[in-house]
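Which chain is which? They are A, B, C and D, in the order written, and residues in each are numbered from 1.
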């Protein structure tokens, strides 16, 4: 099995300089540790808890930054899309289109994404069972595009809370598609701060470690140099300065896990 | 307080004759029982569990049926919308635009719906706490449109299952907007049949009774003359022949409940 | 169907005078409203959140109070037991032995309780499905004692939280035994205050109303003249002064519900 | 940190020969892999789903087997106790008394167990949050006995289902006591087969791997040479023939995890 894929970046794109700073750091961390690196950044936060949350730079400015990062660092880039008509233009600038968890059952979005031929990362809805993702994946695959990733990001567990079920990872892997653990959003506390989501940043590496020990395809980790002042998802992003240690430990676990595959 | 609002109809529109048959029956049942009647029908099921599920008649044909029903029976009509650009044309044909539960955090959809000036029924996401609906409602209200209904339809409870928390109804009522119990979807078992959702039709009247005893604004009940052969949501729709008895009991409870308001 | 049974009293017995004050008030409220009254009080809180919580008067003093209340007010009395060897002596002083929710799977306790011949109220564990209570009831019924009540008191819903599933009531009624809604403990927040449980007193009447609208056998409501200073369960007990209004509304709903039985 | 503790054995003791066969195999597997081994076996299943489930050999016969295993293999032995008066006699025969999950809030049982001076393994109730275990541990520690282990075995997640929250392990470790992952019971489906519990045997190694990657103190794994015909917990026990591979992988992960401690 290939070494771990690390999808990392800020929650929302802030500026080209900011994206370059993050990408530069993460590209080096991943290269040193032997991990594959994908840069992630959002141009629009279309489903903020409240209207007061910042939405982001918008599509035009965001795609330009992503294209620039791809060119400068030679790494694949990923961003999330929210409507069918965004799929084609976004697919020109990025390598991986991401389907947000809330939208993972919207048939038209899945079909439009699939038809671009880009790789598609589908976040599992907080309201879905892992085995439900087979039907979701088939919607995209019906377009002839099987370049899919399936991502666990926690499931609803009472109010304003999620839990990450580790069984979900090998269960989704039964589809044959690579499985990713989004350890950042799995430690979110949706709506937990009233007008925005809370989070448990300190547990993101915990969930990443647990998941990587199962031999998964990748991890998704949002990071920021100053999470407490980030425009979104601050409570659950990992500090950029901590990422080297986190990734190094994950790669050590990845080596053990891939030498000893889970068999269901 | 006004007598109970009954939002009822088939899950998806099938034909004008079918809609007329349901509307005719329900209009009479509601008139006899003293309930307000709103006809409900969907022109597109945009988030079926699998691609194999039937999507519906489409917007043009569906809106024509809804307009015809409104004219013939003189009742308000409601349908659900799935993208911002659907809001304006749909608002010309119907009285109440409904925001699907999965989409209740999509800011652009909420704003576009609000801007039509139509009444807006927001289904609470299966992943939201009742108090989170304050922020959701504020997105619509920011357009100046306060003609809102908030609907409970169950919250995720483990895999392929929902639970209806009765506390959610008075909790959401703190917003000042009328609260509706969707007893049909609250007894759904999402993905429970593998390629489609299961349901517990027999418990829909149970949840409706419990909710109405709290003095809520309305109930939402899907109905079909032959649920086992309906194109969607068959497992949880109530048989049309049973609706008179269901509504009569609800109205008797509604009278007691509204004479004895819940005070929080 | 018989009119609603109201099982009410303080969480823990404090003194004979205190028990008499509560019983006197509740007996009058129930008589005025046409409800059957059972006095409830605990002599030992055997599973407090922390060691710091008060355990109660102990068995000897507690049973004397319960015997005195039964004699003075002519009402049945109920208390909870925690070990097999408590069943026989307690059954001499009280009419209904209650099995605590945490202990509802302890076979020896269920058998010892059943063998006393007293009525047995089994609280459904926070970790059980409603249909699981069939097996629990059969343990008691194996002793030849079928004088059973089955009580819903909420099911685990994330951490430090419960939810009351109204479907549980008619589901448990399929056993043929009367079903009771414990609206006090269903609004508890277990461990929610760190060293003790929190609660949402204001929602206890809400859950009771919803449940009674289904035509159940009884409600369980703890009450205190000064809940904020009660030795246990203060956050979720109803103020004694509010009980008349609560019970009157419940009886009005009970009449409608029993004239229109739920049919599954 | 010490290498991983492996608590393993059959769910219920069947005979001395059976216990010796399991202990002999597991002692060798653990010695070869560098793990500490504790033999586990129950003499009484006091809370079976239904009366039809086999309860076991009883205390006298069970304790004799445990004492014999301890002597023959030189390993510590563990068993679960169900009433305060069992603690002292059981503590004479075994090294670790285990508090069952359903009973983890029963104050008298915790105190009696603590007073024996034996090591105490407390299973976290399916209805508790990880931070609630601080109060539970303090009940035992109040006796002066701090030889405690805290075990995660899954938390209620809808009906007839559990989920294992990996955050619970480092959260419970904040108490300072060693934390154990019971991967066998965390994959149980309580009541899932109607008259008995179901289980997902294939996921037990999955949860064990995830947990061990966090650097925990131990794992708890039930095993049987023929799980499909075991008297209890067959659906979730690991086949004895598979244990060597499972333990070897866990030890490889344990080495990485303990070289890279989780820091909260």
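Structure notes:
Everything that follows uses one rule, which is that a residue touches a chain if its C-beta (ideal position, glycine included) is under 8 Å from a C-beta of that chain, and two chains touch if they have at least 3 such contacts.
What you are looking at is a predicted structure, and each value in this text was computed from that prediction instead of being measured.
By the residue-number overlap criterion, the interface of chain A with chain B counts as same, with over half of its numbers used by both chains. Chain centres here are Cα averages; for chain A and chain C they lie 48 Å apart. Chain C and chain D, compared by their mean Cα positions, are separated by 33 Å.
Residue numbers of chain B whose C-beta contacts span two or more other chains: 155, 157, 159, 163. Judged by the touch criterion defined above, the protein chains are all mutually in contact, each touching every other. Per the touch definition, chain A reaches chain D in the complex via residues 155, 157, 163-167, 169-170, 187, 200, 202-203, 205-207, 209-214, 245, 248-249, 252-253, 256-257, 259-260, 262, 264.
Contacts from chain D toward chain C in the complex involve residues 46-51, 55, 82-84, 102-103, 105-108, 125-132, 135, 138-139, 142, 155-156, 159-160, 190-191, 195.
Against chain D, the residues of chain B that register as touching in their complex are 157-159, 161, 163.
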